[in-house]
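To keep things clear, I will list the structure first and then write my remarks on it.
Note that the chains are named A, B, C and D in the order they appear, and that numbering of residues resets to 1 at the start of each chain.
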Amino acid sequence: MRVTVRLFARLRELAGREVWTTEVPAGATVADVWATVTQAHPPLAPFDRAVSCAVNANFSRMSSPLQEGDDVAFLPPVSGG
Amino acid sequence: MRVTVRLFARLRELAGREVWTTEVPAGATVADVWATVTQAHPPLAPFDRAVSCAVNANFSRMSSPLQEGDDVAFLPPVSGG
Amino acid sequence: MLAVTRDPLSIDALTTAVEAAVRARGEGCGALASFLGVVRATHQGRAVRYLEYEAFDALAVKTFAQIRDEALARWPDAELALVHRVGRLEIGEASIAIVAATAHRADAFAVCRYAIERVKQIAPVWKHEYFVDGDAWVEGAVADPEDADAREKAMAIACA
Amino acid sequence: MLAVTRDPLSIDALTTAVEAAVRARGEGCGALASFLGVVRATHQGRAVRYLEYEAFDALAVKTFAQIRDEALARWPDAELALVHRVGRLEIGEASIAIVAATAHRADAFAVCRYAIERVKQIAPVWKHEYFVDGDAWVEGAVADPEDADAREKAMAIACA
């Protein structure tokens, strides 16, 4: 199935890309998508334990299973305010 | 010597007057002026222990001696904010 | 930035002034905390029509300066603006505006809170409430700007 | 009153909206506490040229709504406005404006403080600092809006 991947802030800068679609196996989780992202962009790997994720603009868990067409966002540690 | 007396808020309302001049003996203190005020306006007497005072628009003590021409203000408990 | 006025209050105007004052002194502030006291529609169950505030203007401004001095003695990087409105105030209108600026937010909240506590303790300002069924002067603290206990109480509340 | 914007922020505008919202619900608020985060001229000794803030807008607004819900669960009489600015911000400009309204002042300060602490914990917003001699992303908390420990920490700071 196809999902959209979206990176923000330093993750976006390190990967050199912001939004793209990718093919993942049926039943894939957010963590599976993250694994493909870090494989393609090794500089993101250090964020393994510091990344937050959102599916369709709602906070999610790395263990959440995805649906066809989901929009999966990865967020580095935040610094608003 | 002559001093100006000035009342605020509820003191002014109870006395029915706001600013006037009065004659006090040389060496009189703020407390002496207050005594003449409460004598002339008995409804103010209950404020004996709750009145603050200012001389020439600076907070003062009831025991402070006055000078000719001083402006003596009496302030009921405050409620700003 | 320390005043008694008959005009409506604006936090934005005070913010601009305070931010500029702190920046002129050095690095600038990173945090501004503000307080606005507003006329409520009821007081202890009674329906309020409007309020009238009265101040001893000259002494009030000196009192605000004392409060600012006290705050800066404790928080040297702070700046403080404090304006009290007097005259007739309708429901929803603001009676007091305080803006405190510091480098970091914890201090900004503390300075702002300290200022409003001190105003309520010592500022020569009086509130006269006009209800649907009568009116009343509000009488709170006996103002004594030298009272160290009151000052410490305000500091304890601010730094809780 | 919960938004991400590229425009300059105004506490006065939020104050008007919040006061009206609370009044529409009942007696109105007596106290409004506000917070404004401002760009400082230096950060850890380095001279700042400007900042850029980036947000995940749609998620940020939902996060602000969660923060408001959390605040209202604890302070049912409260109302909260929260706007974060994004894009390029110059020194002295405000990045975030928060206005909290309640009946009484202690709660207003607490709600406002709670909101800024929570924003820093969970809002999907990022600060990119541009110095005279380089630039850096600022990375603070790992955002987890379900983390009860973080929520309790923010509450403890707010209610100290």
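To be clear about the criterion, contacts are C-beta pairs under 8 Å (C-beta built on N, C-alpha and C of every residue); 3 or more make two chains touch, one makes a residue touch a chain.
As the structure is a prediction and not an experimental result, all values here were calculated from the model.
> Where the centre means the average of the CA atoms, what chain is farthest from chain D?
Result for the farthest chain: B.
> Let me have the rounded angstrom distance from the C-alpha centre of chain C over to the C-alpha centre of chain D, please.
Roughly 22 Å separates the two chain centres.
> Roughly how far is chain B from chain D, going centre to centre by Cα mean, in whole Å?
Computed from C-alpha means, the inter-chain centre distance equals 48 Å.
> On a C-alpha centroid basis, what's the spacing between chain A and chain B, in Å?
Averaging C-alpha atoms per chain gives centres 74 Å apart.
> Among the residues of chain D, which ones contact at least 2 other chains?
As it turns out, chain D has residues touching two or more other chains at 37, 116.
> What are the residues of chain A that contact at least two other chains?
In chain A, nothing touches at least two other chains.
> Mind listing each pair of touching chains for me?
Those chain pairs which touch are A-D, B-C, C-D.
> Which chain A residues qualify as touching chain D in the complex?
8-10, 13, 50-52, 54, 57-59, 73, 75-81
> Can you name the residues of chain C that touch chain B in the complex?
Chain C reaches chain B through residues 37, 53-56, 58-60, 62-63, 84, 95-96, 116, 119-128, 137-146.
> For a test of understanding, state which residues of chain C touch chain D in their complex under the given definition.
Where chain C meets chain D, its residues are 10-12, 15, 19-20, 23, 26-42, 91-92, 94, 101, 103, 105, 108-109, 112-113, 116, 160.
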